[in-house]
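Each of the two complexes below includes chain A, the first together with chain B, the second together with chain C.
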Partner chain A sequence: MDTQRREGGLWQMIWAFDLITLIFLVITAIISLQTKDLLSAAMIFGVYSFLMCLLWAGMAAVDVAFTESAVGAGVSAVFLIATVLRTTRRSSD
Partner chain B sequence: MELLEALSAKFNYWIYVIIMMIGLYAMISKNNLVKKLIGMSIFQTAIILFYVSIGVKEGDTIPILYHDQVHPSHGDSHHGADTGHGEDHHPSHEEIVANLHIEPDDFANPLPHVLMLTAIVVGVATLGVGLALTQKIYRDFGSIEENEILESIKSAK
Partner chain C sequence: MKSFALIAVIVTGWLLLSAVSDFPDWGDTESPANDYRLSQHYITETFPETSVPNMVTAVLADYRGYDTMFETVVIFVAGIAIMSILRRKPLDHLKDKGKETRTYKKDPDLIIDTTCRLMIPIIQLFALYVVAHGHHSPGGGFQGGVIFGASFILLALSRDLQAAQRWVPEKRVLNLAGVGILIYSGFGFACMLLGSNFLDYEILHKIMPATPIEARSHSMLGVEIGVAFTCTAIMFSIYSNLASNGDMKETL
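== the complex of A and B ==
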(Lines of atoms letter the chains of each structure in order from A and count residues from 1; the text may use other names and numbers.)
(Lines give C-alpha, C1' and ligand atoms only; values in the text may rest on other atoms or scores of the structure.)
Protein backbone atom coordinates (compact mmCIF):
# COMPACT_ATOMS: atom_id res chain seq x y z
CA MET A 1 0.00 0.00 0.00
CA ASP A 2 2.96 2.27 0.56
CA THR A 3 3.68 2.39 -3.16
CA GLN A 4 0.35 4.11 -3.73
CA ARG A 5 1.16 7.00 -1.41
CA ARG A 6 2.64 10.01 -3.08
CA GLU A 7 6.40 10.10 -2.75
CA GLY A 8 8.12 12.98 -0.94
CA GLY A 9 9.49 14.63 -4.08
CA LEU A 10 6.13 14.59 -5.80
CA TRP A 11 4.55 16.13 -2.73
CA GLN A 12 7.08 18.98 -2.83
CA MET A 13 6.26 19.52 -6.49
CA ILE A 14 2.55 19.77 -5.68
CA TRP A 15 3.37 22.36 -3.00
CA ALA A 16 5.13 24.53 -5.61
CA PHE A 17 2.31 23.93 -8.10
CA ASP A 18 -0.22 25.09 -5.50
CA LEU A 19 1.72 28.28 -4.81
CA ILE A 20 2.06 29.20 -8.50
CA THR A 21 -1.61 28.44 -9.20
CA LEU A 22 -2.75 30.48 -6.19
CA ILE A 23 -0.74 33.49 -7.33
CA PHE A 24 -2.25 33.27 -10.80
CA LEU A 25 -5.68 32.88 -9.16
CA VAL A 26 -5.28 36.19 -7.32
CA ILE A 27 -4.03 37.88 -10.51
CA THR A 28 -6.95 36.64 -12.62
CA ALA A 29 -9.46 37.62 -9.91
CA ILE A 30 -8.09 41.17 -9.80
CA ILE A 31 -7.91 41.52 -13.61
CA SER A 32 -11.43 40.20 -14.10
CA LEU A 33 -12.75 42.75 -11.61
CA GLN A 34 -10.69 45.71 -12.88
CA THR A 35 -11.22 45.41 -16.64
CA LYS A 36 -13.79 47.77 -18.14
CA ASP A 37 -14.92 45.35 -20.84
CA LEU A 38 -17.50 42.95 -19.43
CA LEU A 39 -16.95 40.30 -22.11
CA SER A 40 -13.26 40.02 -21.28
CA ALA A 41 -14.18 40.05 -17.58
CA ALA A 42 -16.38 37.01 -18.26
CA MET A 43 -13.61 35.22 -20.16
CA ILE A 44 -11.02 35.93 -17.46
CA PHE A 45 -13.50 34.66 -14.89
CA GLY A 46 -13.56 31.42 -16.91
CA VAL A 47 -9.76 31.28 -16.62
CA TYR A 48 -10.13 31.83 -12.87
CA SER A 49 -12.53 28.89 -12.63
CA PHE A 50 -10.18 26.69 -14.63
CA LEU A 51 -7.26 27.54 -12.32
CA MET A 52 -9.49 26.72 -9.35
CA CYS A 53 -10.26 23.37 -10.97
CA LEU A 54 -6.53 22.64 -11.36
CA LEU A 55 -6.00 23.48 -7.71
CA TRP A 56 -8.71 21.04 -6.61
CA ALA A 57 -7.27 18.29 -8.79
CA GLY A 58 -3.96 18.88 -7.00
CA MET A 59 -5.75 18.63 -3.65
CA ALA A 60 -6.98 15.09 -4.56
CA ALA A 61 -10.57 16.35 -4.85
CA VAL A 62 -11.15 15.06 -8.37
CA ASP A 63 -14.95 15.06 -8.15
CA VAL A 64 -15.00 18.72 -7.12
CA ALA A 65 -12.48 19.49 -9.87
CA PHE A 66 -14.52 18.21 -12.75
CA THR A 67 -17.76 19.59 -11.38
CA GLU A 68 -16.07 23.00 -11.24
CA SER A 69 -14.66 22.65 -14.76
CA ALA A 70 -18.08 21.75 -16.16
CA VAL A 71 -20.22 24.05 -14.05
CA GLY A 72 -17.91 26.92 -13.11
CA ALA A 73 -15.81 27.37 -16.22
CA GLY A 74 -18.57 26.17 -18.56
CA VAL A 75 -22.06 27.10 -17.45
CA SER A 76 -21.36 30.28 -15.49
CA ALA A 77 -19.15 31.67 -18.27
CA VAL A 78 -22.00 31.00 -20.71
CA PHE A 79 -24.45 32.76 -18.35
CA LEU A 80 -22.16 35.77 -18.06
CA ILE A 81 -21.60 35.99 -21.84
CA ALA A 82 -25.35 35.68 -22.49
CA THR A 83 -26.03 38.51 -20.04
CA VAL A 84 -23.33 40.68 -21.63
CA LEU A 85 -24.80 40.07 -25.09
CA ARG A 86 -28.33 40.93 -23.96
CA THR A 87 -27.38 44.02 -21.97
CA THR A 88 -24.33 46.20 -22.46
CA ARG A 89 -20.67 45.41 -22.82
CA ARG A 90 -19.14 48.49 -21.23
CA SER A 91 -18.69 48.97 -17.52
CA SER A 92 -17.89 52.19 -15.70
CA ASP A 93 -15.54 50.54 -13.19
CA MET B 1 10.92 35.69 12.47
CA GLU B 2 7.95 34.07 14.17
CA LEU B 3 5.64 36.23 12.10
CA LEU B 4 7.38 35.15 8.90
CA GLU B 5 7.04 31.51 9.92
CA ALA B 6 3.34 31.93 10.65
CA LEU B 7 2.88 33.61 7.29
CA SER B 8 4.79 31.05 5.26
CA ALA B 9 3.59 27.87 6.96
CA LYS B 10 -0.06 28.63 6.23
CA PHE B 11 0.46 30.57 3.01
CA ASN B 12 -2.49 28.92 1.30
CA TYR B 13 -4.90 30.09 3.99
CA TRP B 14 -3.63 33.64 3.65
CA ILE B 15 -4.18 33.53 -0.09
CA TYR B 16 -7.72 32.20 0.44
CA VAL B 17 -8.40 35.16 2.72
CA ILE B 18 -6.97 37.53 0.08
CA ILE B 19 -9.21 36.05 -2.64
CA MET B 20 -12.21 36.26 -0.32
CA MET B 21 -11.51 39.92 0.44
CA ILE B 22 -11.17 40.67 -3.30
CA GLY B 23 -14.64 39.22 -3.80
CA LEU B 24 -16.09 41.12 -0.85
CA TYR B 25 -14.55 44.38 -2.09
CA ALA B 26 -16.10 43.84 -5.51
CA MET B 27 -19.53 43.12 -4.03
CA ILE B 28 -19.43 46.28 -1.93
CA SER B 29 -17.72 48.89 -4.08
CA LYS B 30 -18.36 48.02 -7.74
CA ASN B 31 -21.15 49.89 -9.47
CA ASN B 32 -21.73 47.43 -12.29
CA LEU B 33 -24.17 44.63 -11.42
CA VAL B 34 -22.31 42.01 -13.48
CA LYS B 35 -19.09 42.93 -11.67
CA LYS B 36 -20.89 42.52 -8.36
CA LEU B 37 -22.00 39.02 -9.37
CA ILE B 38 -18.49 38.06 -10.49
CA GLY B 39 -17.29 39.25 -7.08
CA MET B 40 -19.92 37.09 -5.39
CA SER B 41 -18.73 34.04 -7.33
CA ILE B 42 -15.11 34.74 -6.37
CA PHE B 43 -16.16 35.01 -2.71
CA GLN B 44 -18.00 31.68 -2.91
CA THR B 45 -15.16 29.82 -4.60
CA ALA B 46 -12.71 31.12 -1.98
CA ILE B 47 -14.84 29.63 0.79
CA ILE B 48 -15.23 26.35 -1.11
CA LEU B 49 -11.46 26.27 -1.63
CA PHE B 50 -10.92 26.69 2.11
CA TYR B 51 -13.27 23.83 2.95
CA VAL B 52 -11.76 21.46 0.38
CA SER B 53 -8.26 22.25 1.61
CA ILE B 54 -9.27 21.12 5.12
CA GLY B 55 -9.62 17.53 3.84
CA VAL B 56 -6.07 17.34 2.48
CA LYS B 57 -3.51 15.20 4.33
CA GLU B 58 0.20 15.05 3.71
CA GLY B 59 1.02 12.28 1.24
CA ASP B 60 -2.61 11.48 0.54
CA THR B 61 -4.22 10.33 -2.68
CA ILE B 62 -7.71 10.47 -4.19
CA PRO B 63 -10.38 8.81 -2.02
CA ILE B 64 -10.94 5.79 -4.26
CA LEU B 65 -10.12 2.18 -3.32
CA TYR B 66 -7.75 0.31 -5.61
CA HIS B 67 -8.61 -3.13 -6.86
CA ASP B 68 -5.88 -4.95 -4.92
CA GLN B 69 -6.96 -3.26 -1.70
CA VAL B 70 -10.38 -4.85 -1.98
CA HIS B 71 -9.21 -8.12 -3.60
CA PRO B 72 -5.76 -8.95 -2.19
CA SER B 73 -3.81 -11.29 -4.47
CA HIS B 74 -3.67 -14.90 -3.21
CA GLY B 75 -0.75 -16.35 -5.16
CA ASP B 76 0.31 -17.64 -8.57
CA SER B 77 -1.79 -20.82 -8.68
CA HIS B 78 -4.99 -18.83 -8.29
CA HIS B 79 -6.44 -19.42 -11.74
CA GLY B 80 -5.46 -23.09 -11.92
CA ALA B 81 -7.17 -23.83 -8.62
CA ASP B 82 -10.21 -21.85 -9.68
CA THR B 83 -11.01 -24.05 -12.65
CA GLY B 84 -10.53 -27.16 -10.47
CA HIS B 85 -13.31 -26.48 -7.94
CA GLY B 86 -15.53 -23.67 -9.08
CA GLU B 87 -17.52 -22.28 -6.13
CA ASP B 88 -14.56 -22.36 -3.74
CA HIS B 89 -12.95 -19.04 -4.71
CA HIS B 90 -15.88 -16.68 -4.52
CA PRO B 91 -15.29 -14.71 -1.28
CA SER B 92 -18.47 -13.56 0.40
CA HIS B 93 -19.09 -9.94 1.32
CA GLU B 94 -18.15 -10.55 4.97
CA GLU B 95 -14.86 -12.15 3.95
CA ILE B 96 -13.99 -9.18 1.75
CA VAL B 97 -14.77 -6.73 4.56
CA ALA B 98 -12.72 -8.77 7.05
CA ASN B 99 -9.75 -8.81 4.66
CA LEU B 100 -9.73 -5.08 3.99
CA HIS B 101 -6.58 -3.33 5.10
CA ILE B 102 -7.24 0.35 4.51
CA GLU B 103 -5.26 3.11 6.13
CA PRO B 104 -7.49 6.21 6.36
CA ASP B 105 -4.45 8.48 6.38
CA ASP B 106 -3.68 7.45 2.80
CA PHE B 107 -6.79 9.13 1.45
CA ALA B 108 -8.03 12.70 1.37
CA ASN B 109 -11.12 13.24 3.49
CA PRO B 110 -14.06 12.92 1.06
CA LEU B 111 -16.69 14.52 3.31
CA PRO B 112 -15.79 18.19 2.56
CA HIS B 113 -15.61 17.30 -1.14
CA VAL B 114 -19.19 16.07 -1.16
CA LEU B 115 -20.49 19.05 0.80
CA MET B 116 -18.69 21.53 -1.45
CA LEU B 117 -19.95 19.78 -4.58
CA THR B 118 -23.42 20.85 -3.48
CA ALA B 119 -22.17 24.36 -2.75
CA ILE B 120 -20.74 24.73 -6.29
CA VAL B 121 -24.07 23.83 -7.88
CA VAL B 122 -25.96 26.18 -5.54
CA GLY B 123 -23.46 28.93 -6.40
CA VAL B 124 -24.12 28.58 -10.12
CA ALA B 125 -27.87 28.67 -9.48
CA THR B 126 -27.41 31.88 -7.46
CA LEU B 127 -25.34 33.40 -10.25
CA GLY B 128 -28.02 32.48 -12.80
CA VAL B 129 -30.79 34.11 -10.75
CA GLY B 130 -28.67 37.22 -10.27
CA LEU B 131 -27.91 37.52 -13.97
CA ALA B 132 -31.59 37.03 -14.84
CA LEU B 133 -32.46 39.88 -12.46
CA THR B 134 -29.72 41.97 -14.10
CA GLN B 135 -31.27 41.44 -17.54
CA LYS B 136 -34.70 42.38 -16.20
CA ILE B 137 -33.26 45.55 -14.60
CA TYR B 138 -31.57 46.47 -17.88
CA ARG B 139 -34.86 46.09 -19.72
CA ASP B 140 -36.64 48.35 -17.24
CA PHE B 141 -34.00 51.01 -16.57
CA GLY B 142 -31.69 50.81 -19.59
CA SER B 143 -28.57 50.50 -17.47
CA ILE B 144 -26.73 48.02 -15.29
CA GLU B 145 -24.82 50.65 -13.32
CA GLU B 146 -26.10 50.89 -9.78
CA ASN B 147 -25.76 54.67 -9.45
CA GLU B 148 -27.60 55.34 -12.73
CA ILE B 149 -30.42 52.99 -11.67
CA LEU B 150 -30.74 54.80 -8.35
CA GLU B 151 -30.76 58.16 -10.19
CA SER B 152 -33.58 57.09 -12.49
CA ILE B 153 -35.58 55.69 -9.55
CA LYS B 154 -35.20 59.02 -7.71
CA SER B 155 -36.10 61.15 -10.73
CA ALA B 156 -39.16 59.03 -11.47
CA LYS B 157 -40.59 59.73 -8.04
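== the complex of A and C ==
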Protein backbone atom coordinates (compact mmCIF):
# COMPACT_ATOMS: atom_id res chain seq x y z
CA MET A 1 0.00 0.00 0.00
CA ASP A 2 2.85 2.27 0.86
CA THR A 3 4.63 1.78 -2.47
CA GLN A 4 1.38 2.45 -4.31
CA ARG A 5 1.09 5.84 -2.66
CA ARG A 6 4.72 6.63 -3.40
CA GLU A 7 4.18 5.99 -7.12
CA GLY A 8 1.07 8.15 -7.27
CA GLY A 9 1.26 11.62 -8.74
CA LEU A 10 0.25 13.41 -5.54
CA TRP A 11 3.11 11.90 -3.59
CA GLN A 12 5.64 12.93 -6.26
CA MET A 13 4.44 16.51 -6.19
CA ILE A 14 4.60 16.69 -2.43
CA TRP A 15 8.05 15.10 -2.46
CA ALA A 16 9.42 17.77 -4.84
CA PHE A 17 7.67 20.50 -2.86
CA ASP A 18 9.19 19.18 0.36
CA LEU A 19 12.69 19.09 -1.13
CA ILE A 20 12.54 22.69 -2.39
CA THR A 21 11.10 23.91 0.90
CA LEU A 22 13.73 22.08 2.94
CA ILE A 23 16.58 23.47 0.82
CA PHE A 24 15.28 27.00 1.23
CA LEU A 25 14.76 26.32 4.95
CA VAL A 26 18.43 25.49 5.40
CA ILE A 27 19.48 28.48 3.27
CA THR A 28 17.34 30.94 5.24
CA ALA A 29 18.51 29.47 8.56
CA ILE A 30 22.18 29.93 7.60
CA ILE A 31 21.62 33.43 6.22
CA SER A 32 19.71 34.64 9.28
CA LEU A 33 22.53 33.37 11.50
CA GLN A 34 25.33 34.79 9.37
CA THR A 35 24.06 38.22 8.35
CA LYS A 36 25.43 41.20 10.26
CA ASP A 37 22.37 43.40 9.73
CA LEU A 38 19.97 42.40 12.49
CA LEU A 39 16.92 43.88 10.78
CA SER A 40 17.37 41.70 7.71
CA ALA A 41 18.14 38.75 9.99
CA ALA A 42 14.75 39.30 11.65
CA MET A 43 13.02 39.47 8.27
CA ILE A 44 14.74 36.30 7.05
CA PHE A 45 13.75 34.60 10.29
CA GLY A 46 10.14 35.42 9.37
CA VAL A 47 10.71 33.75 6.01
CA TYR A 48 12.13 30.71 7.82
CA SER A 49 8.98 30.51 9.95
CA PHE A 50 6.80 30.73 6.87
CA LEU A 51 8.71 27.87 5.21
CA MET A 52 8.24 25.83 8.40
CA CYS A 53 4.53 26.64 8.16
CA LEU A 54 4.47 25.32 4.59
CA LEU A 55 6.19 22.12 5.75
CA TRP A 56 3.67 21.60 8.58
CA ALA A 57 0.85 22.13 6.10
CA GLY A 58 2.47 19.62 3.75
CA MET A 59 2.54 17.08 6.58
CA ALA A 60 -1.22 17.67 7.06
CA ALA A 61 -0.69 19.22 10.50
CA VAL A 62 -2.88 22.21 9.72
CA ASP A 63 -3.31 23.35 13.33
CA VAL A 64 0.44 23.53 13.85
CA ALA A 65 0.87 25.29 10.50
CA PHE A 66 -1.74 27.84 11.51
CA THR A 67 0.01 28.53 14.81
CA GLU A 68 3.37 28.77 13.10
CA SER A 69 2.13 31.29 10.55
CA ALA A 70 0.34 33.41 13.17
CA VAL A 71 2.96 33.31 15.92
CA GLY A 72 6.22 32.56 14.11
CA ALA A 73 5.90 34.44 10.84
CA GLY A 74 3.51 37.11 12.08
CA VAL A 75 3.87 38.33 15.61
CA SER A 76 7.36 37.22 16.59
CA ALA A 77 8.84 38.85 13.47
CA VAL A 78 7.16 42.09 14.55
CA PHE A 79 8.58 41.66 18.08
CA LEU A 80 12.08 41.09 16.72
CA ILE A 81 11.87 44.09 14.39
CA ALA A 82 10.57 46.31 17.20
CA THR A 83 13.44 45.20 19.41
CA VAL A 84 16.00 45.79 16.65
CA LEU A 85 14.66 49.31 16.04
CA ARG A 86 14.85 50.03 19.78
CA THR A 87 18.36 48.65 20.30
CA THR A 88 21.12 48.44 17.70
CA ARG A 89 20.95 47.39 14.10
CA ARG A 90 24.49 46.08 13.64
CA SER A 91 25.56 42.78 15.12
CA SER A 92 28.76 43.02 17.15
CA ASP A 93 30.14 39.63 16.17
CA MET B 1 36.29 28.58 21.63
CA LYS B 2 34.69 28.93 18.24
CA SER B 3 36.25 25.75 16.87
CA PHE B 4 35.08 23.92 19.99
CA ALA B 5 31.52 25.13 19.34
CA LEU B 6 31.82 24.01 15.72
CA ILE B 7 32.93 20.52 16.77
CA ALA B 8 30.06 20.30 19.26
CA VAL B 9 27.56 21.35 16.59
CA ILE B 10 28.92 18.85 14.07
CA VAL B 11 28.87 15.97 16.56
CA THR B 12 25.34 16.81 17.70
CA GLY B 13 24.17 17.17 14.11
CA TRP B 14 25.69 13.82 13.17
CA LEU B 15 23.99 12.14 16.13
CA LEU B 16 20.62 13.67 15.22
CA LEU B 17 20.97 12.79 11.54
CA SER B 18 21.98 9.21 12.33
CA ALA B 19 18.79 8.91 14.40
CA VAL B 20 16.65 10.05 11.47
CA SER B 21 17.00 6.68 9.72
CA ASP B 22 15.27 5.02 12.69
CA PHE B 23 12.16 7.14 12.22
CA PRO B 24 9.02 5.43 10.99
CA ASP B 25 7.96 6.22 7.43
CA TRP B 26 5.74 9.18 6.75
CA GLY B 27 2.13 8.04 7.19
CA ASP B 28 3.21 4.59 8.42
CA THR B 29 0.17 2.94 10.01
CA GLU B 30 2.36 0.37 11.79
CA SER B 31 4.50 2.91 13.66
CA PRO B 32 4.17 2.96 17.46
CA ALA B 33 2.64 6.45 17.47
CA ASN B 34 -0.18 5.29 15.18
CA ASP B 35 -0.47 1.73 16.40
CA TYR B 36 -0.86 2.45 20.11
CA ARG B 37 -4.44 2.06 21.29
CA LEU B 38 -4.60 5.55 22.83
CA SER B 39 -4.23 7.25 19.44
CA GLN B 40 -6.71 4.77 17.98
CA HIS B 41 -9.09 5.79 20.75
CA TYR B 42 -8.67 9.48 19.90
CA ILE B 43 -9.21 8.87 16.20
CA THR B 44 -12.30 6.71 16.51
CA GLU B 45 -13.93 7.94 19.72
CA THR B 46 -13.36 11.72 19.72
CA PHE B 47 -16.51 12.57 17.82
CA PRO B 48 -18.83 10.15 19.68
CA GLU B 49 -17.44 11.24 23.06
CA THR B 50 -17.19 15.00 22.61
CA SER B 51 -19.12 15.88 19.41
CA VAL B 52 -16.10 17.87 18.23
CA PRO B 53 -14.98 17.07 14.65
CA ASN B 54 -11.47 18.57 15.02
CA MET B 55 -9.70 16.00 17.14
CA VAL B 56 -6.66 18.24 17.62
CA THR B 57 -8.77 20.75 19.51
CA ALA B 58 -10.48 17.94 21.42
CA VAL B 59 -7.14 16.56 22.61
CA LEU B 60 -5.83 20.04 23.34
CA ALA B 61 -8.77 21.46 25.25
CA ASP B 62 -10.48 18.40 26.69
CA TYR B 63 -8.36 15.26 27.01
CA ARG B 64 -5.21 17.27 27.77
CA GLY B 65 -6.95 20.34 29.14
CA TYR B 66 -4.72 20.57 32.17
CA ASP B 67 -1.63 21.04 29.96
CA THR B 68 -3.32 23.73 27.92
CA MET B 69 -4.36 25.62 31.03
CA PHE B 70 -0.78 25.92 32.14
CA GLU B 71 0.34 26.75 28.60
CA THR B 72 -1.93 29.76 28.96
CA VAL B 73 -0.35 30.51 32.31
CA VAL B 74 3.08 30.31 30.65
CA ILE B 75 2.02 32.97 28.14
CA PHE B 76 0.66 35.10 30.98
CA VAL B 77 3.90 34.75 32.95
CA ALA B 78 5.97 35.57 29.86
CA GLY B 79 4.02 38.78 29.34
CA ILE B 80 4.31 39.74 33.00
CA ALA B 81 8.06 39.01 32.95
CA ILE B 82 8.63 41.20 29.90
CA MET B 83 6.54 43.94 31.49
CA SER B 84 8.45 43.74 34.78
CA ILE B 85 11.79 43.97 32.96
CA LEU B 86 10.97 46.73 30.49
CA ARG B 87 8.16 48.81 31.98
CA ARG B 88 9.24 52.06 33.58
CA LYS B 89 7.79 55.43 34.34
CA PRO B 90 8.16 58.16 31.72
CA LEU B 91 11.40 60.01 32.18
CA ASP B 92 9.71 63.31 33.08
CA HIS B 93 11.60 63.85 36.30
CA LEU B 94 14.99 62.96 34.84
CA LYS B 95 17.37 65.17 32.96
CA ASP B 96 15.90 64.96 29.47
CA LYS B 97 13.28 67.63 30.11
CA GLY B 98 13.45 68.71 26.51
CA LYS B 99 12.15 65.36 25.36
CA GLU B 100 8.87 65.41 27.21
CA THR B 101 7.54 68.46 25.42
CA ARG B 102 7.86 66.86 22.01
CA THR B 103 4.71 65.40 20.58
CA TYR B 104 4.63 61.72 19.83
CA LYS B 105 2.05 61.97 17.07
CA LYS B 106 3.17 60.79 13.67
CA ASP B 107 2.04 62.51 10.52
CA PRO B 108 -0.87 60.48 9.17
CA ASP B 109 -0.13 58.85 5.84
CA LEU B 110 -3.20 58.57 3.61
CA ILE B 111 -2.39 55.22 2.01
CA ILE B 112 -1.32 53.46 5.22
CA ASP B 113 -4.20 54.98 7.16
CA THR B 114 -6.87 53.93 4.65
CA THR B 115 -5.46 50.45 4.15
CA CYS B 116 -5.25 49.73 7.86
CA ARG B 117 -8.69 51.21 8.45
CA LEU B 118 -10.03 48.65 5.99
CA MET B 119 -7.85 45.76 7.13
CA ILE B 120 -8.20 45.91 10.91
CA PRO B 121 -11.94 45.11 11.14
CA ILE B 122 -11.50 42.21 8.72
CA ILE B 123 -8.56 40.85 10.71
CA GLN B 124 -10.56 41.09 13.93
CA LEU B 125 -13.57 39.39 12.37
CA PHE B 126 -11.34 36.59 11.09
CA ALA B 127 -9.78 36.23 14.55
CA LEU B 128 -13.22 35.88 16.12
CA TYR B 129 -14.10 33.27 13.50
CA VAL B 130 -10.89 31.35 14.24
CA VAL B 131 -11.73 31.31 17.96
CA ALA B 132 -15.40 30.47 17.57
CA HIS B 133 -14.88 27.85 14.87
CA GLY B 134 -11.77 26.34 16.44
CA HIS B 135 -13.38 23.06 17.40
CA HIS B 136 -14.79 22.49 13.92
CA SER B 137 -11.84 23.56 11.75
CA PRO B 138 -8.16 24.31 12.32
CA GLY B 139 -7.68 27.13 14.75
CA GLY B 140 -8.49 27.84 18.32
CA GLY B 141 -7.80 30.16 21.19
CA PHE B 142 -4.07 30.59 20.72
CA GLN B 143 -4.20 31.37 17.01
CA GLY B 144 -7.30 33.52 17.22
CA GLY B 145 -5.93 35.43 20.19
CA VAL B 146 -2.65 36.08 18.44
CA ILE B 147 -4.44 37.30 15.31
CA PHE B 148 -6.67 39.58 17.40
CA GLY B 149 -3.63 40.96 19.20
CA ALA B 150 -1.91 41.43 15.84
CA SER B 151 -4.76 43.67 14.71
CA PHE B 152 -4.05 46.02 17.62
CA ILE B 153 -0.33 45.83 16.83
CA LEU B 154 -1.17 46.84 13.25
CA LEU B 155 -3.14 49.80 14.59
CA ALA B 156 -0.19 50.82 16.78
CA LEU B 157 2.19 50.47 13.83
CA SER B 158 0.06 52.38 11.36
CA ARG B 159 -0.85 55.28 13.70
CA ASP B 160 0.91 55.40 17.04
CA LEU B 161 0.76 53.59 20.35
CA GLN B 162 -1.81 55.99 21.79
CA ALA B 163 -4.31 55.15 19.04
CA ALA B 164 -4.16 51.49 19.98
CA GLN B 165 -4.15 52.24 23.69
CA ARG B 166 -7.46 54.06 23.34
CA TRP B 167 -8.95 50.60 22.75
CA VAL B 168 -6.67 48.52 24.96
CA PRO B 169 -5.18 50.68 27.70
CA GLU B 170 -2.63 49.04 29.92
CA LYS B 171 -5.03 48.42 32.77
CA ARG B 172 -7.51 46.69 30.48
CA VAL B 173 -4.72 44.58 29.01
CA LEU B 174 -3.77 43.24 32.42
CA ASN B 175 -7.41 42.67 33.35
CA LEU B 176 -8.05 40.77 30.11
CA ALA B 177 -4.98 38.60 30.62
CA GLY B 178 -6.10 37.65 34.12
CA VAL B 179 -9.72 37.16 33.12
CA GLY B 180 -8.68 34.72 30.39
CA ILE B 181 -7.00 32.39 32.86
CA LEU B 182 -9.87 32.92 35.28
CA ILE B 183 -12.34 31.74 32.62
CA TYR B 184 -10.24 28.65 31.94
CA SER B 185 -9.76 27.67 35.56
CA GLY B 186 -13.35 28.70 36.28
CA PHE B 187 -14.54 25.95 33.96
CA GLY B 188 -12.31 23.56 35.86
CA PHE B 189 -13.55 24.62 39.26
CA ALA B 190 -17.17 24.61 38.09
CA CYS B 191 -16.70 20.92 37.29
CA MET B 192 -15.29 20.38 40.78
CA LEU B 193 -18.18 22.22 42.44
CA LEU B 194 -20.66 20.00 40.63
CA GLY B 195 -18.88 16.96 42.01
CA SER B 196 -16.63 15.80 39.19
CA ASN B 197 -12.91 16.01 38.45
CA PHE B 198 -11.09 19.21 37.57
CA LEU B 199 -11.76 20.09 33.90
CA ASP B 200 -14.06 17.09 33.43
CA TYR B 201 -16.58 19.00 31.36
CA GLU B 202 -19.20 16.29 31.11
CA ILE B 203 -20.75 17.22 34.44
CA LEU B 204 -21.42 20.77 33.19
CA HIS B 205 -24.55 19.59 31.39
CA LYS B 206 -26.33 20.21 34.70
CA ILE B 207 -25.91 23.97 34.32
CA MET B 208 -25.88 24.11 30.52
CA PRO B 209 -28.85 23.53 28.23
CA ALA B 210 -27.08 20.59 26.57
CA THR B 211 -26.56 16.88 26.71
CA PRO B 212 -23.39 15.62 28.47
CA ILE B 213 -21.64 15.12 25.12
CA GLU B 214 -22.56 18.58 23.85
CA ALA B 215 -21.47 20.06 27.18
CA ARG B 216 -17.91 18.98 26.43
CA SER B 217 -18.05 20.74 23.05
CA HIS B 218 -19.49 23.94 24.54
CA SER B 219 -16.98 23.92 27.40
CA MET B 220 -14.15 23.60 24.89
CA LEU B 221 -15.44 26.73 23.16
CA GLY B 222 -15.56 28.56 26.50
CA VAL B 223 -12.07 27.46 27.40
CA GLU B 224 -10.76 28.59 24.00
CA ILE B 225 -12.33 32.00 24.55
CA GLY B 226 -10.40 32.26 27.81
CA VAL B 227 -7.16 31.35 26.03
CA ALA B 228 -7.91 33.93 23.34
CA PHE B 229 -8.40 36.69 25.98
CA THR B 230 -5.00 36.00 27.51
CA CYS B 231 -3.23 35.69 24.15
CA THR B 232 -4.70 38.93 22.79
CA ALA B 233 -3.77 40.90 25.88
CA ILE B 234 -0.28 39.51 26.29
CA MET B 235 0.64 39.87 22.61
CA PHE B 236 -0.29 43.55 22.63
CA SER B 237 1.40 44.06 25.99
CA ILE B 238 4.67 42.53 24.78
CA TYR B 239 4.58 44.63 21.62
CA SER B 240 3.83 47.90 23.40
CA ASN B 241 6.59 47.31 25.95
CA LEU B 242 9.17 46.41 23.31
CA ALA B 243 8.22 49.16 20.88
CA SER B 244 8.02 52.00 23.40
CA ASN B 245 11.10 50.95 25.34
CA GLY B 246 8.90 50.53 28.38
CA ASP B 247 7.49 54.01 28.86
CA MET B 248 4.32 53.48 26.75
CA LYS B 249 4.71 56.86 25.11
CA GLU B 250 7.08 56.83 22.20
CA THR B 251 6.41 54.59 19.28
CA LEU B 252 8.77 53.29 16.67
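The criterion applied here is as follows: the second predicted complex is superposed on the first by the 86 of 93 C-alpha atoms of A that agree within 3 Å, B and C clash if a C-alpha of one lies under 4 Å from a C-alpha of the other, contacts with A are read in each partner's own complex, and residues count from 1 in each chain.
The definition used in the following text is that a contact is a pair of C-beta atoms (placed from the backbone, for glycine too) under 8 Å apart; a residue touches a chain by one contact, two chains touch by 3 or more.
These numbers come from a predicted model, not from an experiment.
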item	value
Touching partner for A:88 - first (chain B), second (chain C), both, neither	first
Touching partner for A:79 - first (chain B), second (chain C), both, neither	both
Chain B versus chain C as contact partner of A:66, first or second or both or neither	second
Touching partner for A:45 - first (chain B), second (chain C), both, neither	first
Chain C-contacting residues of chain A that also contact chain B	5, 59, 62-63, 67, 71, 75, 79, 82-83, 86
Chain C to chain A touching residues, read off their complex	25-28, 54, 56-57, 130, 138-140, 142-143, 146-147, 149-150, 153, 157, 235, 238-239, 242-243, 245, 252
Complex contacts: residues of chain A adjacent to chain C	2, 5, 59, 62-63, 65-67, 70-71, 74-75, 78-79, 82-83, 85-86
List of chain A residues in touch with chain B within their complex	1, 4-6, 8, 11, 18-19, 22-23, 25-26, 29-30, 32-33, 38, 41-42, 45, 48-49, 52, 55-56, 59-64, 67-68, 71-72, 75-76, 79-80, 82-84, 86-88, 91-93
Complex interface listing, chain B residues touching chain A	11-12, 15, 18-19, 22-23, 26, 30-32, 34-35, 37-39, 41-42, 45, 48-49, 52-53, 55-56, 58-63, 66, 69, 101, 103, 106-108, 112-114, 116-117, 120-121, 124, 127-128, 131, 134-135, 138, 143-145
